[in-house]
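Data block below; observations after.
To keep things simple, chains are lettered A, B, C and D as they appear, and every chain counts its residues starting from 1.
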């Protein structure tokens, strides 16, 4: 039984970490920090935990985290997460950071998209991009994990097999993504006020979403070639889930069944990626609350476009679940430990 | 064509007033005020009005409202509405106030439930409670209308025929009411943040909701007897609509059909109250966006309870539509002018 | 590891049973039957189970269930469940029936409310009403469990401490209940068609819902006195959850804190009943997907009414979760085994 | 005052026609037919019309429609609408057909996508595609209007200015469209059952939706060049609204402001197309219940993609509202008569 801490325990990612760690057979949550709810029980803030945990939220500086802790999950806002991560990493903690702070390798790109000078650019090289399906070995040995963003997770998994095999016209990638509202965080704001959010559908941050450089960095790395994508996020009136619809042109002709076999093969050892049997298509409800990424491919024979569909739960595979999966690998647990939830 | 002003034009009630006045054949909206959006077009704040009105929102003190205006709708927050109403009333404007400030006749009760000393108790007696189905003549001649609250509107209409006829055991009234989220106003707050509001149902302000004294005042007036009610509001994950389920004991035995005839009779001259034909029951979607109040009665023959169901759109019959209905009566227009919308 | 079968595996109750049994440490699902999907994989019908189970749905008569099975969950329609239960019970299987067929002790009452002559009235006496918080010892030794209805579960738990202590004016009970749509089952019907169900709120089956006699039977048994209740179900536009708002008069004066202590005491040994600390109120989202029943009490000091709020997930504590809880007791497992889910 | 008939009055399109015709100053609805509700009042089937119309639904063959009727709206299922249209057209009625039966000029294409031999191919040439923004003069004189499909309406309006000016790389068009559930019609089916439809997002009929050939026919006509599109429809958990996100490459460089001016110019005389002022983006709620099509353009300067957003209410501008707009032009009424609704 290892000991875990969650820094920033009351946002949606923090809550989801607590839910998953509580259900984990090999981990015990011993510390949960909160800036604004110091001294309250977790269940005072989130009554679903009533009777499930007696942990008291504490306001605590990263430097004060007790050395008996085995793994620290950082679910702090961008910027402060980098500060905390640096302190903890220096002290030798194994850190899984759920912010964007350690994902981008180029600090200039970080500054440009996050409007912030990176406080610890020296750590960008040593952090591991925690997408276990692609970087399992690096994850196992990592001291500092940059847990991937929600949109990037579903998109990179959808494209990796083709990029690795150099099968895509790299100028052709268009990503039309749709996310549930929990992706916007827990702070109440006008666009997420129920009467203005339900019964509505819209795009937002068109051609300017901060996940774009993360997507491009990782797809370029897979392609071994610099590429750019058109990425358009939309807001769906539902709590959880991302469906990404990805359009691209292949380099050479492939049948749908060849493509399916390629994907089945590529993800043969990945317990959380499911390649749906045609003509099934992903629906976000089939992954809701679970750590799966569901994928399907469809060739539009009339136009030659390949269309890939990818569905995840943004709070699980897109955040807390993936963080637990990374922890499992780092500590030698079964990759699926504590992550067996069925969508419901 | 009369000229109308809306003070507080960017909250949900203000927007709804603009929507209804724009569609009204006899009224022209010439002034819309806003504290926080001074100088913007209405459609800059509420894009649904794009191409529908070129009116510019203005920050304006009540005292500056031009005397050419025929009717002023006050949709300001409680407290400031009383101040504005007093100024405007003194200057001779006909005022329809949509706040709670002129509804309660007893300033002590107002202080108790709204935590505020009433700034103009002298106006409480001269204001008319603007429920046209009950006080049509007073409304016609009113200088200052207290437009009823959303919960009280549906509840008073549901009980008036029985109370007027002295048919209720006055100690028996229990009101279990359910409202859509727009009733909570437009300011984003945690309980109305989409991920915490959708897929959820709860009660709130149990035994302490500020509409309780308004309901009791008006029911007591109809009963010519002081009465108290148990009133429990709940929050429904939908934008608009209130369904009130009201339980009571009759003073003497009545058949469902006798009761229905009583209601049909009582509301024979009321174009916006619909007594549904048994066994039909109200649903909020059948009044959504319209000025109707739908009523149905059901006797539980096993227990002797009478159950009355009442449905309104909280923003229309429960606020802006009723205000327009009051204006129609005040200015001699057809009671239904501009209010012919079908639910959709 | 015991072996379980689910008869009627593709309705909402059946799916939920599979979800919970899959997550249970001591039980293995070895048989899942379906009338209409014979030969398909469970995940062909419910893709959320993709990669989670390879079980094939089978069309099978109850008489053919292999004797190696330890426990049979019957999630069949009313009427056929009684037939199946009788066959299985006679063969010596331990049966947990999730239909209404074994809940009512009086076959005449069953006929009246379900429009069906009971095919096996002789079994009504030997079946155990499976509400573990009240009948734990009987459940442990039961051969045939009548798993309680969804509405009755939340309502009976809310009232049991007071009835057991003879504290309620038995003529005063009014139950205003609100349920999510999954309670209506999986067959598509007009009232549950998305565009007519979302953004809507309504009552249904007023004074005639088939759960009424079950509620009255069990409350009367607790009161040791025949009683009747007014019960009004409503439909909430959400998938899961029931909130019941219960109004009653106490026999003698009690403070809120005395009442709370009574409840804390009464449910001290019941891991799935949570008495919320005042002024907290239950919300269905805090029990969504979990086996909890959350309770809160509020005295309206102005009217003397006691108001009790009860929240459950209708598919978990109101159906499949409670069935698993019963199984845990029947087979000597921990009462909470496999039921540790946190709401999300 | 002209006289109108609606054939097929109880589906969502039929209901919406009744709502709009009831609110129209120059038209009187005198006949509403229904196969399955013969003899019932409209309000028996759709209680929102209670007290708004006393019209009785009638089962009636197209040949029996009285000759006193001035305009017939056909809202019948595909196939039967062609039969009815043919009979009515022959008898000299002016017909607005809301099915797909007269939209495709090539009967072979109709057979291929609708799995049906067209019963009256001879009428395909004389029918007018009723998109008033593009074909106003033809609409004015039309005897038989093919009212456009919901997806095609928003998509064609989004692309017309560019295609007319030959500014698009015709091989580059990708349309990612998202629709509310009312687009699927009123018959209850599993995918639209509330618990399986809410809190979910998915694509459907990928590369095979029957609106594809209609979109291609009309875009090709505008381009004066045969073109194909990749068209992917998705289902949004909301009642009404379509947002289409359209990706394309321009033939030559253009600034966003040049493009905006082109659109403002092109739609200068079109009261129902609103070109939003950058950086505003369409949201379906801003057109809900109204006849507007809101458009916005965004150049992704990093990738060179032009992205066009188009929002309509599928039941209004995408069906019944557009039909009324066509009728207005056919009978010399103001184009906007009866169509002034503000979204709410």
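Observations
To be clear about the criterion, a residue touches a chain if its C-beta (ideal position, glycine included) is under 8 Å from a C-beta of that chain, and two chains touch if they have at least 3 such contacts.
In this text, all values refer to a predicted model and were calculated from it rather than measured experimentally.
When you average the Cα atoms of each chain and compare centres, the chain farthest from chain B turns out to be A. Set against one another, A-D and A-C show the most C-beta pairs in contact at A-D. A straight line joining the Cα centres of chain A and chain C is 36 Å long.
Each chain gets a centre from the mean of its Cα atoms; for chain A and chain B, those two points are 46 Å apart. The centroid of the Cα atoms in chain A and the matching centroid in chain D are 39 Å apart.
Taken residue by residue, chain A touches two or more other chains at 180, 198-199, 237-239, 283, 285, 288, whereas all remaining positions touch fewer. Considering their complex, residues 174, 176, 178, 180, 196, 198-204, 206-207, 228-230, 232, 234, 236-241, 243, 245, 247, 281-285, 288, 298-303, 305, 307, 309 of chain A touch chain D.
Those residues of chain B that touch chain A in the shared complex are 12, 180-182, 186-190, 192-195, 197-199, 237-239.
Here chain B touches chain D in the complex through residues 16, 19, 22-23, 47-52, 198-199, 271, 274, 276, 280, 283, 285-290, 292, 294, 340-344, going by the rule given at the top.
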